[in-house]
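Take a look at the following structure, please.
In order of appearance the chains are A, B, C, D, E and F, and numbering begins at 1 in each one.
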């Protein structure tokens, strides 16, 4: 029933290749099916003004998409003179998600910026960005630990994200573009490795959903997150 | 336990005054406690380019906040030269929410823009904007029906929104600013009048939540939406 | 002869309601006929760079208009990415006018920002903004005096503004939108409570005027200002 | 008493050199003392959208200042990414002023843009721009008449502008920078050749003025305009 | 003598992998040493306004760099709200270079946009972008030929680019970052496959050069271009 | 054969008038045929952040063009909200060129900004800007020397620029607009007074060139620079 022939609860295959950008403190290329996202983590010994003298660190994210990552070319945001609303929403989500998995006090007054650039898009780019972004973040933190810049590990747990939605009336896991563009309900679930939730965003445009469907989607999401965490572990 | 002395499941009082802007096809001033939002709906006989010749209408929203709606003055977005990420996120949410409650085919090729301007903020401005915005939209649609511009009512059901969160370890309904600024988890629930869900956004910054807490918040939200829909009915 | 049926020298009724924004140090909603402007005054213990170490304070103003304050919806300046020329002109006028009525040395090195947001427009919004803005400023200064932050009152006198113009060949007081949009000459008069002038702006687009007409308009303006000052006193 | 040694009612010398930009339909370099403004008028066979099919033409103006026209270098507006409030105010004034001296129906559906660029500034740049801009406009209209594009002359009368102010307690004509920067009251008077007024802008920052002073300034302005109109006639 | 140990006339190794972006009509990842650039070519059946009804096509280019392509993170141009001067210069160069190798009449009224995004930077990114961009362009043109959209091949010849400079007093071929950042003279040479020149940009900041040095650099460049054209042929 | 009737190796006449802007530390109006550029040099006792505490000074340039410097009016960059790509390219070239002729260590930690504003354009504006800009820079440095602010002359040599191109198949010197707009190859040559090269930019759009043509253009350029340096000397 799904365009890709996948089962309702079947994720796309995931691969995570680390160390793909030589200058970054942490980096990976995550491929979730045909969705490819390049993630890097950059450590800077400075902090946003509102955190000065708090002893707390900061993790933030930026998201971009190459103009031809998609089926038809999109205008480059840099030449348009601003980031679109969708970009802003996504990068705020990535930042909040990654911050939930880190002890900012143990990180100390420094900032890690996670850049997630979509090389090729086929649905689920924000989830891939979070999952891959965490790997880059983990590597950058390892660099700090190894260099003795910080002494205790600020990483609390894995952070990963997966989408679920209602496609053709059925709850499905990990929507690709063909599903995403016609799904009645679209949800993104960000969880820790222990499956506690960081962020849930479920949204119906032109459709609505009840609590039973919501619970089914949550079940699917928990299974998907479990697989993604395993992939993160394998990559590191 | 709550700073306001409210019970865990107690909403703030709500008032909705209609017809407050003489030029708009629909307008109201919604007050949810000390959060005051001015909502207007403007009908325009034009449509975004991507909808031309589809027979479908469009409902969109814009959100703003007066510089001194808050405890300390915020810079005016018009003078900063752009809308902030938070503003963009909120107005996209309002637009999606209101579109879920309307049959865009019955609306026909015209656009209704719902402007939600926060006069005074005390937490929950996006929820108040959705709830009041729907009243303005309902009035504007009534104007179209009365004028014979459209013949069948495109409104499917009420749309209302309420926040829930986990404050001091307890799920609470309708957070005010004192709670919102220190809540571990913050959620916004947008529903139809029949309590089916349009949008659920739950987010923990520096905290996480499990499924039991999620279900408790949903229960609270359903009760809150029921009250808000009653207030909408009373106002119209 | 006037669209509203008013006499040539008849102002619209004025009401000023104070304390309408709980966070602001001073605030009011001024209604001049169907022109409604929300004014707030915000005190900040900082000063523009060019005034540092001068001992002088600063009063500045910002002006905005809700998109549907007018008969047809205007684009929101925040989403357009800049304030229009008319907005810039008006807020500079409000700032200059209010500064003329204050002893900046007695105010000390702090800034008061007066925000004037037009909720509903029917001509004369800049004059209503000045007149209401002064009330908000007066209240904010009272707050500073009461708190002992400043010891002597920096307010020199009332500041109020009214428009006059030549409509259908006749000098008239306090133009509403129906008159304003077809007046040959349009003037704005800002005065102290003692009727000395702060700013006079008379402008003909497609028309000109002689000294006799100018003097008649000044006579009308003085009468109008006298009424407005009385309304300010009544409100405080 | 005046820094320049001029008498209270003495204008600076004026020179107007025409034809200084070979591509423009009309151009001049106006020098009012050390204030030098390059003015050009460009005819375009197009019209702003709001005038289409009205049979009316349009005259508009743009104003700029070279970065080192002033005593210390100002940032270039093009590199700042926007025109400042002062620039916007001035170019709107120039446009309104020039439109008051032209019969837009006789001009027909075409636009004349008058560019006024300050090469060197010593006070009174907006007045010099209006006075020189009218000469460029007159020349461009002559070009249209000579080419037979229009058959009747749309120019109604000369348009010229001069400043007056209260300097060291005395009304003075044509303020230079040394006076302007410390004047209590500053006024700009735009008139037709027959001395009827197009625009009067009198403004006190930190000072106020009464009707007697206003009348004295008007007398001075009328004398100044008479001289400027003579200079315009001599130049053409 | 060179930081990399290369000989004066030794280029870095080059690899070009094609077909790396599934949506694009042509794409490749070019690696010149540690400089990695992702190039895609997008065909659009539209044309810039100035070319309408000329029968001519257009080839244009955009250039970007991921924030962490470099040793320290650069701010993302999309979030800064504009493309920097260096970016603008480079993308104009790429566009001009590629247009010189194509018969725009044989291309017909369509546009090919070549996006060059630097994944990792180690000097010479603009040269790698031109060389890789041409491969993507060649592939996109092949797609058009195969689909029968165009019937004759508009590609005139290969286009490739290489840098030369004067490092430590010696002319060297293909500068990497270590050399580039301290070279006295830096030159970029864009040539057709037959070694005729499209663009030569030689620039000394803090240094100058004579004709003998210029000729030596040209000799080096010709050898470098020959190698690059061979790599292009091998990749296709 | 040339539209102007000039010989292939014949420059346009050059005039340089100094001291044309009274506020600037150095200024001139350079006329190369009908190309007129106003150049000023402004000294500021501040330095870009990246040079603080290096002991080095900075020379930078900005370039602008009056809207009606050209045959048809161009939009003003200040009102468009950004400098175009061509402007950015040119002002970076002027800055690099002038810096090559100055010993930044002898200049000390101060900045000289050279503004080049094209009053009238007829081809070759960037070359005229460099040649005139150097005269303004020379004068500003003289001011510093005379005032004893610096003690040794930081100017190394003259800097001048000229264009050459291939017009109608023939290498020609100093292209005017009629030639420039149809030349197959266009080159700009910036040299020191001793004819060593600072910058060479040769570019073919729709055409290419060989080494023989390049050498002929260089010969022409050397002759042109020699003339320009003589004109600079005469002006000072």
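The rule we apply is simple: a residue touches a chain if its C-beta (ideal position, glycine included) is under 8 Å from a C-beta of that chain, and two chains touch if they have at least 3 such contacts.
For each chain, UniProt lists the protein as follows: A, B, C, D, E, F = Ribonuclease PH.
This is a predicted model, so every value here is computed, not measured.
In this assembly, B is the chain whose CA centroid lies farthest from the centroid of chain F. For the pair chain C and chain F, the distance between C-alpha centroids works out to 50 Å. For the pair chain C and chain D, the distance between C-alpha centroids works out to 27 Å. In this assembly, the C-alpha centroid of chain C lies 59 Å from the C-alpha centroid of chain E.
Centroids of chain D and chain F (each the mean of its C-alpha atoms) stand 33 Å apart. In chain F, 81-82 are the positions where the chain touches two or more neighbouring chains simultaneously. Read around the ring of contacts, with chain A first and chain E next, the chains fall in the order A, E, F, D, C, B. Those residues of chain C lying in contact with chain B across their complex are 21-24, 27, 34, 38, 40, 42, 44, 62, 64, 66-73, 76-83, 87, 113, 115, 117, 119-120.
Remark: chain F residues 82, 85, 88-89, 92, 96, 99-100, 104, 191-192, 196-211, 214, 218 touch chain E in the complex.
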